[in-house]
Amino acid sequence: MNLEVKIGKLILKNPVMTASGTFGYGQEYAEFIDLNRLGAVVVKGLSLLPKVGNPPPRIIETPAGMLNAIGLQNIGIEKFISEKVPFLLGFDTSVIVNFFGDSVEEYVKAAGRLSSVDGIHGLEMNISCPNKQAGWCIFGTDPKVTSQVVGAVRRETDLPLIVKLSPNVTDISLMARVAEEAGADALSLINTLTGMVIDIKKRRPVLGNLTGGLSGPAIRPVAVRMVYEVYKAVKIPIIGMGGIMSAGDALEFMIAGATAVAVGTANFIKPSSTVEILDGIVSYMEAEKLEEISSLTGAAHAG
Amino acid sequence: MNLEVKIGKLILKNPVMTASGTFGYGQEYAEFIDLNRLGAVVVKGLSLLPKVGNPPPRIIETPAGMLNAIGLQNIGIEKFISEKVPFLLGFDTSVIVNFFGDSVEEYVKAAGRLSSVDGIHGLEMNISCPNKQAGWCIFGTDPKVTSQVVGAVRRETDLPLIVKLSPNVTDISLMARVAEEAGADALSLINTLTGMVIDIKKRRPVLGNLTGGLSGPAIRPVAVRMVYEVYKAVKIPIIGMGGIMSAGDALEFMIAGATAVAVGTANFIKPSSTVEILDGIVSYMEAEKLEEISSLTGAAHAG
Amino acid sequence: MSRYFRARIKSNLPLNRNHRLLSLVNMERMKDPLPGQFYMLEVSKGNDPLLKRAFSLFRRTSEGFDILYRIQGKGTALLSEMKEKTELDVLGPLGSSYPAPVAGETPVIVAGGIGIASVYSLIEQVRGSAYLLYGAREKDDLFMLDELKAMAREFFISTDDGSHSVRGSVIDMLKGFLSERTSSEQNIVIYACGPRPVLKEVASMADAKGIRAHVSLEEHMACGIGACLGCVVKVKGQEQAGEGSSLYKRVCKEGPVFDAGEIEW
Amino acid sequence: MSRYFRARIKSNLPLNRNHRLLSLVNMERMKDPLPGQFYMLEVSKGNDPLLKRAFSLFRRTSEGFDILYRIQGKGTALLSEMKEKTELDVLGPLGSSYPAPVAGETPVIVAGGIGIASVYSLIEQVRGSAYLLYGAREKDDLFMLDELKAMAREFFISTDDGSHSVRGSVIDMLKGFLSERTSSEQNIVIYACGPRPVLKEVASMADAKGIRAHVSLEEHMACGIGACLGCVVKVKGQEQAGEGSSLYKRVCKEGPVFDAGEIEW
């Protein structure tokens, strides 16, 4: 049985990755699972300088989901390189660094710095910023700006470049095509949907940031639909995510068109989710007598 | 205690309405609740001619939600007028007719015909069509087309005109402003989010229509956020909906900015949901010593 | 006497690894159900699972009614864990019923698997007069054999694996029965509930022989009362634009029992 | 010996209308917990509620550990309905613990309401040497009074409504205690768990008197292991851009027990 999948020139030993921001820098989960079993570890989103993040409360549970407004708190790229990369180098898994910036220049600088480091196998560009309070983050919603920032990062790095799309758009296929044309090697979707919960006693939004990003099983149908649509629109591989809790959920994404999948919120509920999902995918392939995992990608579109 | 709310020139005796497509033509629920208690009955979406709807399966449950792809099946405006309006005339509640068309002309004709009928107190224009398989329904996502179709209907009718917005857009505030400028008296939000579920055994989408509209508690945080945003963008009243299951949920929408609320999927789970929600709102007002329900609208934005 | 009421679980008896017999006690007076009608039962208090689940009336009891069910997915799994005294929201009885055979008609009742749940109360109703054909996957999936035997005019059983009675499908039995008896029995009318492929075969056999057949269908349901238009099946008829709504019928309202000839299989 | 394991419910005892004592039996060997640490417990098998819930170690038992909890919302309501023998996923022990008092220090332990759950095992640890101040809303919300009495050096109780012992808040008691005893008792160190306003008062009193105080905080949590950055509290320190991450600390990792002087209240 062949579980290998290709994300640009990067070969993953299997399609199960972690979703950025839900797996810390990998260390937090090493106690619970064997990181060597993962297709890739995608770390918490990094910026050039460390970021404070949003005021608490940052989290609130919702029906079959949760809202988070972490505000992209992170230790900054330099500290990541000096303190976390050495740890990750000890594992036989691909390391993909999720990053973001507040300007095209910051995106480019971050990508450049990360590309100079051994032990980083791919970059995932977060252009979604669902937690921006002041209206919309234009990097992920205005096609012109998306094209510009992705193109600029593309020119700066030779690492496989994954662009992570925001679902808070009218036409996800258009955004996908724009990223592809600007040089993305792959696409990640979806990031969180923007949401809000209000405390009816206080008559105020619960989260310190007012709005947050909705993740978990609640959003899965939206995510699967977007992967299905984007598969028809682009040729580059898709990393599917959004509410994957079980192997069956992961398979839905692959059949819809994903080459690999990322497990996010599920890690919080079961720290062993990723490896259990991998085991479940293997069982499915056995039961269905499939040799190549890649034969599942986009199977829903056949015939 | 004053529960009255104003939707344009229409005064509702209380803010609890039904969401279109989840309450049939009213008749189906008359056995379970006293329709006289409702602020308004909003009927299943109607078109000039009857519509067949989508092939089955049309429904699939999802985590804390459901996808539907009814395909706007309806008996057509003429049959509604002859067979359903007489029944509804027997109740002391406002009747709001949800309608749609496949062209600006159809929208206008439908609005014109409905405006000539006694016993219809308001029109709700559905410009969302989440189930359109062939990509996006431009009425609800392209601001120029939205403006054109709303403006045309506005010129045709003197009834209170509610425009129901699609949540599948990048900037809901923009769509809200466009509808307001084109003459809408009020806005309904949200319609369903487009989603998909895949059967991993058959490796095909479950729904006959492939995609469907996601409703229920799963989408509530997205809906509340959109109401909150739109409240800041427009002056006309908002009818909030999306996953309202309890009085607390309804109050979240009002505090976020809604003048009235509509109960949808909850009717399927508990046919008495609407009246229980109304009772719960009254209890809340008593506990919080509120005299005017309208004082809650947008309270989250104060101070 | 409302069709929306609360019921208390009297017992929730395991029949085998994945079948249960649920006895409910109505906490309010309920409308008398007819054979073939169904109920929508609450299976969770939370939002997941969200929707009620549809179950046929298995049989009326002195205090309420019984449901015979198979554990299928998460809703029925949750139901199977519910203990005595648990209270549930119930909608029903809902939908159409099996039209009682008229004088001179010979009822032939066909049940495939859990389909027995839907026809059991019909068998009670026509006690003594019906031929009963009951097929299941294996011996363990056959229920209430003694009771059924006592009520059937003649009782035929088959299992897919031959672990009880004849090896074969209920369709094989029906084929045999019809080819043997159509001449001796004058006015056969078929009642059938089971997996869709079985019902489709029943329909085509009945059609070929010019026999009336009433079949009970299943579809995913949200409301159960005709409001959501979610549970439709295609019926034969005019597909011209505008005539539309007659192309589909609602399983929860016009069904679940349909004339087999009416369905576009 | 993993911090992610399954546990079986031995008992789930109602203490009053909304408090329960949950006894869990570990099904695998677990790491020894320290006073002040906590566990994340699974409260449902489905997707709603989705996240695990945080509960302090109440006390270690021979077979596992106990949790004392208040029914607060839907997760704890579900937990309260769980029967003996139910199995749960558990993460823990997690987070920081109450630093044991060093020689010469006099521990003063302050518990407001359900805060008793967090300090109980500390009281066991320092048995005989600690002053204990325990306040609750009313008589019925006071638990384990006999056990506590036996372990405390001196035991002070108050209720908001005066239905047991002194009427007043635990803060009033602490105020009185400190003004009376600060001179006689040399090295007082405070340990406190309770509602945030209580802890804030404790912190400011301790600060005014130059006393060290360890407080246990609560925040909404998703992961419980430091990965999601969801459970932060603001700590005193530099807010300059770039120095950022030091502005917030994680309740699940650096906490739940913090030095009161460190928190930006």
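Labels A, B, C and D are assigned to the chains in the order they are written; within every chain, residues are numbered from 1.
Operating definition for what follows: a contact is a pair of C-beta atoms (placed from the backbone, for glycine too) under 8 Å apart; a residue touches a chain by one contact, two chains touch by 3 or more.
Only a predicted model underlies this, so the values are computations on that prediction, with no experimental measurement involved.
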item	value
Those chains which touch chain C and also touch chain A	B, D
If a chain touches chain B and chain D alike, it appears here	A, C
Label of the chain whose CA centroid is most distant from the centroid of chain D	C
Between chain C and chain D, centroid-to-centroid distance (C-alpha), Å	55
Centroid distance [mean C-alpha coordinates] between chain C and chain B, Å	36
Averaged-CA centre spacing for the pair chain B and chain A, given as whole angstrom	33
Residue list for chain D, restricted to those that touch at least two other chains	47-49
Contacts with 2+ other chains: residues of chain A	63-65, 216-218
Chain contact topology (line, ring, star, complete or other)	complete
Parts of chain C lying in touch with chain B, wherever the complex brings them together	2-4, 42, 47-52, 89, 91, 219-234, 239, 241-245, 247-248
Sites on chain B touched by chain C in the complex	21-24, 28-29, 31-32, 44, 49-53, 55-61, 63-66, 68, 70, 73-76, 216-218, 245, 265, 267-272
Touching residues (chain side chain B, partner chain A) in the complex	62-65, 67, 136, 141, 168-171, 193-198, 200, 203-205, 210-212, 214, 216-222, 224-225, 228, 243, 248, 251-252, 255-256, 284, 296, 299-300, 302
In the complex, chain D residues that touch chain B	47-48
Footprint of chain C on chain A - complex, ascending	63-64, 217
